[in-house]
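In order of appearance the chains are A, B, C and D, and numbering begins at 1 in each one.
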């Protein structure tokens, strides 16, 4: 499909670096699936759906900066949803979100809680103000927080919270790859799902730019079971736009 | 759609000039619709479906002659069905068939009789041996016959039988255009449907080669209500392959 | 609000019938005019009557059609009556003409009365005609000039996409005095029956039309708009109003519709009214979206 | 029963992965090899690392895709490891390479170890590369000759359909010593966002691939088969086994699949097994259907 026009209906400042853009079209999607957001004249970038009609964007470079310049009634192009999304299973699930990695996990927490599944979330960020969607996670179940600078919750990494948690049967993780790698090393791989970040070019499963160990993040992923990632490049290196290996 | 391969399963000699070719594919169609029969390496020509899995061909020129050279297990290409077909209405219907014009009317007679509609058929041909599908018409209702040479039934044209028939409310006609024109002049136009013959090139309603008075025989037809034909070139001239007007 | 002046012709809307579609008889052209087209282009007519290639002459393929009609036409000598009948539809009638050399073209253009001429130097499956001429800039320029000097009405040149550089052909037409170019004719293509190995078309190969070719046509229009001073008329794969808008944004002053007419004879009025609604909603005019893709 | 020798390479089947599809990493190439492809062609690699055009770089259109990746690649200097990894898939690995002149091409071919080279002189949206070279027969001949003298493995030349006469380019490749030609690369195309007037692709235009282009590719293969002595490899719009058969009947000794891999990573084994079943039912061999459309 070609991009559809999404007109911004509301902009919410979530954190100093993160904004949610609500728009006038809804996408039926499985949390964890992503859309390609076309900032006309600039770039097209992958974004998780943080609501059925919104994306939550962290400002990091040219395209996200251009997004931040948009106002209500402005528009961008969207195509998707793409990819597989998180597979909901088990009675008691644990979410581990780092930074803007909370974006796909918040709607997932809500979906799970609607199905009467017990949800525990470990939410990490650099600092208190950067904690994303804490109310949503709290409303959906139990929330534990960690900040790098100790301004809220545990002082340290979100992975440090993980050690104390028992009693979950499936874990869902999204955040910086280094953090996800640490999580993978701490859990039973088959019981964990990770949403990966790779450079997405076509988004259609054709070009292969996003491949990790032969698997396409845009089509076979972005969510992969931990046991698949165990034997891969995961946490070791990524590929740059040219396809070169880059150490993480 | 592209032509499908139709393998000949049975060949029936109907008259000295007419043969029915049964094949291994069936077409769901409304009687009066036609298919394009591709005799590979020769030509592709329009043919009515005389059964859901057969065409009945009169040998008149290169393509039909090539068809007559085919044997069981040989094949040709078929695409279709195309066009609109006869619209079945009324309690008591009258069919007027001239020559190979009986091909689309025979399955129509059978369809009507299955719906408990009273069917009277006027069947005409040059000579007794050329009367096509008389058993099928007889089985479906009442049959009256005319031959040009008087070898069977009325000596003369099928239109001469028409004068004596009353009590029908819709008439269905297929045969040489001159004969159909004569029928049209004898009946209430809105109560009659005629299956026209024009040179069919694309068969898809695009090229316009088959147009009569702006109507496409291949798409808007081949069956037209008499009141539409009243104000047209019908019975006056046809178009040759070049699109030139040719007096009938 | 869709009316425009196109190279001297007043059109009530920019949605026209393409050459070779229901264009052999005056009545069929009239029918299309009455169904809402802004103008109608006739079947291409030549010097002598031609029966065209043998059937199959048109087949459906994925997302489009292949055709090799072979320019069947009654010759221009039998065609004035058809044009006159078509005129009763109340919109401009453009005569599409073809020939083997500039003399053929000027003989025909000199003899026929029409509101404009469209020179078919682009049919991909006519031996000695069409694209066999239209791939050579010098011949295109020469043919255009010859027709221009034998008629007073506007002359459009219809281009083939089957060239390395369509811009050079468009420029040649412009040098020859063309009032507009039309892009594109069909793209060379072929289909084979795997049951038998036979090429399906009677002529073995033909031209691809329909939705499949739209992106190619859009690119041709976009490129021609960049280099030409005369208007570009877009054609190729239009099947709804969005396609028509896309062509106009690419730089088409008006568009023609071919293949899509087969399944939707009301396409002209449908596109016009949807296009009007779109422009209204966006508060844009036809002029504003014309060539818009070049400005963003 | 599908195995063949293609210009010196032994293939277990004639269904190969096309260049630019899951071809940047050794593991992805290996995955395709393991999924049943007869051989795999890598992403085109050049002299220096390239990031490619900005996104959107590929979009879906009616019956196909438009892409303008812009030849992103890690450069040949970072590519031998990928090829070596790909080789573990157990089928021939063909390195697709591109450059701005014959020196570039021979530098790369001289440095890489692969089972064959495919010269990309046909990408329609790379400035200074691809089709900007591949439309000129002299350059194609020159580049081919240069590569031939810097490597011992077979050299295939991949052709662009965006030319007036693809046969002349194929003949140039043959004169230069090519062991096979590959036809076709994508067709120039473009799409515009009517909501904004923006060309959708980051590069504004790109190349059309997928089912839309199959008839065009079939015609190119058919024409090349007619004039060349070296084998033709067919590519363009193959999405099922019937398409593959059609290409082979048109004159392709083998085929490559690009776009269709996206939605069906098992397409190679699916096509192979259906093709075998078809040949068995028809009591035909691969050799018998090869070029069949020319004989009927």
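Keep this in mind: a residue touches a chain if its C-beta (ideal position, glycine included) is under 8 Å from a C-beta of that chain, and two chains touch if they have at least 3 such contacts.
Source: prediction; values computed, not measured.
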Open item on the list: Please give the groups of chains connected via touching, computed with subunit C left out.
Closed with: A, D | B
Task: Other chains in touch with both subunit A and subunit B - done: none
Open item on the list: Using C-alpha centres only, name the chain that sits farthest from subunit A.
Closed with: B
Task: Centroid spacing, where centroids are CA-atom means, of subunit B and subunit D in whole angstrom - done: 50
TODO: Using mean C-alpha positions as chain centres, tell me how far subunit B is from subunit C in Å, no decimals.
DONE: 36
Open item on the list: Based only on mean CA positions, could you tell me how far subunit C sits from subunit D in angstrom?
Closed with: 33
Task: Multi-chain contact residues (two or more partners), subunit A - done: 40-41
- [ ] Please set out, as single numbers or ranges, the residues of subunit C touching at least two other chains.
- [x] 61, 191, 196, 198, 296
TODO: Name the shape of the chain contact graph, picking from line, ring, star, complete and other.
DONE: line
Task: All chain pairs that touch each other - done: A-D, B-C, C-D
Open item on the list: Taking the touch rule as given, give the residues of subunit A at its contact with subunit D in the complex, in rising order.
Closed with: 1-3, 5, 36, 38, 40-45, 75, 77, 79, 200-209, 211, 213-216, 219, 239-245
Task: Complex interface listing, subunit C residues touching subunit D - done: 61-64, 66, 135, 162-164, 187-192, 194, 196-199, 205, 208, 211-216, 218-219, 222, 237, 242, 245-246, 249-250, 278, 289, 292-293, 295-296
Task: Of all residues in subunit C, those that touch subunit B in their complex - done: 20-25, 27-28, 30-31, 43, 49-52, 54-61, 65, 67, 69, 72-75, 78, 191, 193, 195-196, 198, 200, 202, 258-259, 261-263, 265
